[in-house]
């Protein structure tokens, strides 16, 4: 019970800070918009041609914007030494992990909710609204994996000499399996596949990935924070 | 030359009054020994000042005592609790004031205290926050963002943050460095207020402050205790000589 | 003693690997398929490629197990073992990739065809390349060892996951080195097993030597610091 209150306190603090400065959300949003504009010039503006690649384009955008957010979420903790303040507090280490992870999950999801309609209008010709339930499940499972792994690796990155430059190098190769699952599931839905088999198997894979990395990160976070 | 606290007969009274008990503490990073067989005790309500050149292991020692770093070997009891047993319980009883205020710049003074108060599960938190803000003379700025505070005000708020959960043991890592005179007065005032029923361990480079506040002074060099004496019996000339020697050896 | 063990395993590995060369090119029969009635010469790569691939997985697993031991026991030697094993995982991963690329070039006429297993190995190499970037950018020795241990564990778990995930993509390419159609003859099996044993000995030999080197390096750094300071 008290742990829940502590998780909520960490989350609340991050949300208040963010709503005040809007640093992270603004840059994440602008990044997504800019990427979409670049896609238009890179791949041409024909929505019918682009729809089969929708999943790939979507997750390139979301994954890189997630990296922006993950880095940002630890900058204050590190710069003001606040991470040490958290470590000094009588808080179980997993509480810190869950608090930070939930924050990252929420920020990423907010950006996705805002930009997904724009993305759809820009690039997707098929109306996938009837399958939106499955689409949202795929989105949630993918976000969970990104935040679970990302929070752990961002904590490592921020403590290295190269800081935010380290995160993509560590995070991208580890997230590739999840990325494939995300691209296949959302891409197939957006393209209006008749064969839902690969969507189901991708969703199952995403679920397995999430469980594995949530458990591992939860268990290893202690070692990342300190001795 | 090593000084063992046993020489001063502190061990006999240990059962009743020892708040911090360090026995044969070692810490090494790789092959490098940062703390080499360090043993000492601090009595309940005592005030230990630690001097020494940079890199002598002072900060590492404080970090070990405040559960941030694990020792390589040795026994450390803080408030009767072993470091390995229940670090969370120890964390409830300690506070650390260091150079950085550990405050979130985009939260206001009240929110910062509320956040830390919730983590520490401070009872009657609102009342306690008001009380502490009064103490550090920041009540009128309670809803201002910490970002807008001067360094001195941030340090005062940091003091409020540390004392919020009424820690029985306070670790001060060069608390006076970077403070403006007003903040120094407030800090010293607060320390004097709560002396006696609180235990202090302070790292400092300021001989005057360190000796004035302490009951026991200690010099660390290369991870070893090379001087340890109670203030009542302090031979200040000898102390100064040793201190200046160690600091010189640094350069 | 340990150093001598490294040498012993190295010599055994040398003998066994020479035997594989002999077995692969002189003893085992050519595989004949309907498309290639003269026999598929590039199939000989199988006797090297697959043992190297399996050894790289072993290296990755040992890297993770030593990492777990380091986190639990906090003994420096496990960090050295983990680090050395990860180095070898990357080295063997590179060899897998290289032998695989030679094979695809021979069979499909393309240097790169996004073949699932080779793609898995590309990801494998990228993951472990990250390990070395991480290792070089943390100065505090204890923190470096801890972060690298955590990453080595994640990296090892990631390998099977990326292996499966690639199969999620609809319309995958054909898979290299199927033995179907040609049953393994005894001579082929024996040659393969000798290859396996040879690579394992090579790995053990290199692991022992690398680990020893790492702890000597630390010793040298320590002594240098004493002289310098």
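By letter and in written order, the chains are A, B and C; residue numbering begins at 1 in each of them.
What we mean here is this: a contact is a pair of C-beta atoms (placed from the backbone, for glycine too) under 8 Å apart; a residue touches a chain by one contact, two chains touch by 3 or more.
Since the structure is predicted, the reported quantities are computational estimates derived from the model, not experimental observations.
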Chain contact topology (line, ring, star, complete or other): complete
Farthest chain (mean CA position) relative to subunit A: B
Identifier of the chain whose CA centre is least distant from the whole-structure CA centre: A
Chain centre separation (subunit B, subunit C; CA means) in Å: 50
Between subunit A and subunit C, centroid-to-centroid distance (C-alpha), Å: 32
Centroid spacing, where centroids are CA-atom means, of subunit A and subunit B in whole angstrom: 40
Multi-partner residues of subunit A (at least 2 other chains): 227
Multi-partner residues of subunit C (at least 2 other chains): 142
Where subunit B touches two or more other chains at once, by residue number: 70
Interface residues, subunit C side, partner subunit B - complex: 74, 76, 140-142, 218-219, 221-222, 225
Of subunit A, residues touching subunit B in the complex: 2, 5-6, 9-10, 12-13, 16-17, 20-21, 76, 80-82, 84-92, 226-227
Touching residues on subunit B, where the partner in the complex is subunit A: 66-70, 88-89, 91-92, 94-96, 98, 100-107, 111, 115-116, 118-121, 145, 161
Of subunit A, residues touching subunit C in the complex: 149, 152, 156, 159-162, 166, 169-170, 172-174, 176-178, 180-181, 184, 188, 198, 201-202, 205, 208-209, 212-213, 216, 220, 223-224, 227
Touching residues on subunit B, where the partner in the complex is subunit C: 29-32, 70, 72
